[in-house]
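What follows is one structure encoded as C-alpha cells, with my remarks underneath.
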Amino acid sequence: MTDIEAIKLSNAQIAWRAAQDIEDGAYVNLGIGFPEMVAKYQPQGRQAIFHTENGVLDFGESPAKGREDWDLINAGKKAITLRPGASFFHHADSFAMVRGGHLDVAILGAYQVAQNGDLANWSTGKGGVPAVGGAMDLVHGAKRVAVLTDHCTKKGEPKLLAECSLPLTGVGCVTRVYTSLAVVDIEGGNFVLREKIPNISFDELQAVTGAVLTTDGPVADLIVPEL
Amino acid sequence: MDKSIASVAEAVADIPDGATVMIGGFGGSGSPIELIHALIDHGAKHLTVINNNAGNGHVGLAALIEQGQVDKLICSFPRSADPVVFTEAYLAGKIELELVPQGTLAERIRAGGAGIPAFFTPTSFGTDLAIGKPVAEFEGRSYVQERWLKADYALIKAQQADAHGNLTYRMAARNFNPIMAMAATTTIAQVSELVPLGSIDPEHVITPGIFVNRVVTVANPQQEEILNRAEAVYP
Amino acid sequence: MTDIEAIKLSNAQIAWRAAQDIEDGAYVNLGIGFPEMVAKYQPQGRQAIFHTENGVLDFGESPAKGREDWDLINAGKKAITLRPGASFFHHADSFAMVRGGHLDVAILGAYQVAQNGDLANWSTGKGGVPAVGGAMDLVHGAKRVAVLTDHCTKKGEPKLLAECSLPLTGVGCVTRVYTSLAVVDIEGGNFVLREKIPNISFDELQAVTGAVLTTDGPVADLIVPEL
Amino acid sequence: MDKSIASVAEAVADIPDGATVMIGGFGGSGSPIELIHALIDHGAKHLTVINNNAGNGHVGLAALIEQGQVDKLICSFPRSADPVVFTEAYLAGKIELELVPQGTLAERIRAGGAGIPAFFTPTSFGTDLAIGKPVAEFEGRSYVQERWLKADYALIKAQQADAHGNLTYRMAARNFNPIMAMAATTTIAQVSELVPLGSIDPEHVITPGIFVNRVVTVANPQQEEILNRAEAVYP
C-alpha cells in the first residue's frame, strides 16, 4: 500500500501546477491563504493581472517588512504593492467585475467538492462564528473556477465527493480541481481525471476519492518541480 | 499584454452582421465618431444598436442608420437638432425602436456589466413604458422589474489609455462610456492618447482595463456638434 | 371677463417664482427648456447646486459664443461651464443620484398635471417619434418634484386636471405646480391653491382649471417682478 | 454652503440610540477610527452596524462592540487576527449577526444609494444564505432576490474633501466608503485634508458632494493595524 502522505504534492507544488494553466494577461482572483501562492509560480513570459475584491487590480508582491502601507492591502488583509497599470475602485465596482464574469480565473480552497461542481468551502457546519467573505460571489464570477486542495482531509477522508455534506458555497460552480494527487475536471456531472502523480495507481487514487473517477482519454503524469 | 490596435478599421473588422452594439456618448459628447464611421466602412448589417439617442445630422450614429445598417435601436431620446435620418426610417417602418427611460437604460447597462439579471425601479411605474413588465411592491411602493442589457460589442470614446486598457475620460464625455465598457463581450475604445503603462495614476483610472479589450488611438477625434454645424455627411 | 392672456405671468416670471423656493445649497435638476431659466433667478445670497443627468454636478452659466467645449454640455445638449466644486460621473451614478432620492428639487415642464400628482410631459399620444429621456426617472428622484407650466394650453384648455388624458410620465409624483396664474400644491389628492396673481378672481381661476381648487387657509398674492 | 464640522464629537453628536450606522473600511483599511471612537464617547446604544467585518483587537468597531453599543451587525466576514470581542459577544448571544456574502453586501448598499429596492444575483443560490429569499430563473439560470440596504448614518474615511463634500480616497482605503456615502440619510466623512473649493479636479472626484452631509478633518488618522500591533485599547 502506497503511503500517500509521503508521495503527495506540497501546497506549493499544487499551486505551481495551477499556475501553469493561467494564460498571459489573464485576470485572476486568488483566494485567501494557500491559493495566494499561485502568483509566485507564473511561467516565464506570462504575466497574469491579479484582482483583489477589496478594490485593487494589478497588484504585485508583498512589500518588505517595515515598508507596509496599511491602506494598500489584499482581501487577506496582507500588505501588497502595485504594478504599473494598477487601478483602485470601490467594492460595488469590484464585485461587478466578479459577478459580471469579467475575471478569467478564480482559484479557491475547498473543504469539499462534489462531482457536479458543488463547492463547500465556507462553513464547517459546526457552529462558532460563521464567515463567508467573497467566496460565494467568486464562485459565480469567473469563466473558470478552480479549486486547490489536498486530495483528502487531515483525517484521510476524501474531499472529492459524490455530494457535499458541508454547507455549500455554490452549486455546480467548480470547473477544475488541482489536488495533492491529481488534476480533475468537472464535466457533465462527473469527475474526469486528467493527470495523476506517477507513483500512485488509478485504483489507489479511486480509493481515496469519494466519487467515481472517469476518464475520457489518456491520463497524463502530474509532474511538478521540487519547490 | 498589449491591447492596442493599429487602426479603427482593424478594431471593428470582426463585428458580424446581426451583432448587438453599444455606442457610447450622449448626443455628440463622448460619441466615438471614428469608430462608428469605421463600422460604416466595414458594412456590418442588421445591427441592434444601444445608445442614448438616435443620431443627429448625417454623421456618426445618424449615418450608420442612414446606411441601413441598423435594424433596431434601444435608446431613451431619439430626437436631436436634426433627427431626420432616424425619423424617416422609423416612420417608414425600417427601424425598430425600444424606448427606455434614460436612468433605466443606464441601470440596465450597468446591471449587464455587473451580473445582475434583473432589478426593480420606481421609474415608469404606471406608464405605457411599463406595459408587460412585472411589478412588485416593497414597503408599500410600486416598482417595475427591468432586465439587464448586454452587447456583443461596445464602441466607446475615452481620453487616455494605457496598453492594459485603463481609461480616463474628458469631462461630460464620460456619460455612458464607462458602463457600456462593462456590459459588452468585446469593448473597443478609441482614445485621444495612448500613454505608457503606469502613467495613469491608479486613483484616477475611471475604467479599469479588465473591461476593455481593444484600444485604438484617434489623436484628434471629431466632434459630432462641429461636424453638424459644418453640415458634414458621411461617407 | 378678464383677458387671461394679457395678465398671465411670462415663462421667465414663473421661473422666477419657482426659484424663490430653492434653499441655499439645494441640489437641483432643471428640466430641458423653460425650467432651465430657474437658474437665472436664484435669490441673492443663495446658491443651489445644479445637476445634469449626463454626469455633471455644479455647473454654471453658458459659455460665451465661440467658447463652447462640446464635451461639456447639459442634458439639453447646450454648452455649459463649471463652478468650483464641480464633479463628473457616469450615467449610472448620475441616475443613482436621481433615483436614490439625493436631489432636493426636480423642476419639469408639463403637458398635464392631475390633482393626485400624476404628470404627463413626455408624449402627446399622437404618434410620431416617441422620446422620454430622463423625465420618468426625475419624477421619482427628488424630495420635491415641481412643475412649471402655463396654466392653460395654447388653445385655452386647462392643464391642471382631475385626471391626465395623455400618457403618464409618473404616478402621484408632483408636489407643487407653478403656473402662469397660480402656485398650487398637491396634497392628499387635491389641488390646494397657495397663491394666485392679484388681478384674477378665485372663480376665474377655477374656471380655467380642470379640477377643483381647494384652499386650506389664506391664498397669497403671487407677486413677481417685471423681467 | 459649508459642510465642515469642527470636531468628530460634534459630527456624531446627534446619532440616536437604535440608529442604523454604516461604517466604511475593509478590515482596518479605510476604517474611520476617530469617528468610531467619537461614537463610543457619544454613547449611542442599540445600534445596528453595517461593516464588512466585525472589528479587530480592542479599537474601532471592536471597541464599539466591546462597549455593548451594538445590538446587531450586518457583515460578510466577522473574523480577524484578533476577533475575540465579537466572538465572545456573539457566542454569549449578546449580538445578532446577519451574514451577507461580500459582493451581495456591496450591491445591497449600492442599491440602497441608487433607489433600487431589490435585485437578483447568482450569489448564494442553493446555499444556506439564500434560505427564505425569493428565487427566480432568467435564461435558465437561477438567481436570488436581495433587498437594498440603507442606513440612518454612514461614518466614512476619505483623503481629501472640499467644503461641498466632494471626496477622494487613498488607495485600497476606498473600498466600501463611496457606496456607503450614497446609502445613508446622513453621511459623515472624516478626511485627512480639507482643501479649498475647486482644488479637487472634477475628473478626480470619487464621491460627489451630493452624497456627503458632514466633513470633519482628522489630519493624521490612526490605522487599526498599527493600533493593534501596539495592543491599543479604546477607550
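Here the chain labels run A, B, C and D in written order, and each chain numbers its own residues starting at 1.
As a convention for this text, a residue touches a chain if its C-beta (ideal position, glycine included) is under 8 Å from a C-beta of that chain, and two chains touch if they have at least 3 such contacts.
Just so you know, these numbers come straight off a predicted model, no measurement behind them.
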Going by the stated contact rule, which chains contact chain A and chain B alike?
D
Given the touch definition stated above, what is the smallest step count connecting chain B to chain C?
1
By CA centroid distance, what chain is farthest from chain A?
C
Which chain pair is joined by more contacting C-beta pairs, A-D or C-D?
A-D
Whole-Å distance, chain B centre to chain D centre, using C-alpha means?
34
Quick check: how many Å separate the C-alpha centres of chain C and chain D?
36
Length of the line joining the C-alpha centres of chain A and chain C, rounded to whole Å
57
Chain centres from averaged Cα atoms put chain A and chain D apart, in whole Å, by 30
Touching two or more other chains - residues of chain B:
107, 110, 114-116, 121-122, 169, 171, 202-203
Chain A: which residues touch two or more other chains?
56, 88-89, 92, 95, 98-99, 140-141
Which pairs of chains touch one another in this structure?
A-B, A-D, B-C, B-D, C-D
Seen from chain B, its contact residues with chain D in the complex are 107, 111, 114-122, 136, 138-139, 141, 143, 147, 168-169, 171, 202-204
So, in the complex, the side of chain C touching chain B is made of residues 52-56, 68-73, 77, 88-92, 94-95, 98-99, 118, 123, 128-137, 140-141, 167-171
Within the complex, chain C is touched by chain D residues 1, 110, 112-116, 162-164, 166, 182, 196-198, 200, 202-203, 205, 208-211
Residue set of chain C touching chain D in the complex reads 24-25, 27, 47, 49, 51, 56-58, 82, 84-89, 92-93, 95-103, 140-141
Considering only the defined contacts, which chain B positions touch chain C in the complex?
26-30, 52, 54, 76-81, 83, 86-87, 90-91, 97, 99-107, 109-110, 121-129, 142, 169-179, 206, 223-226
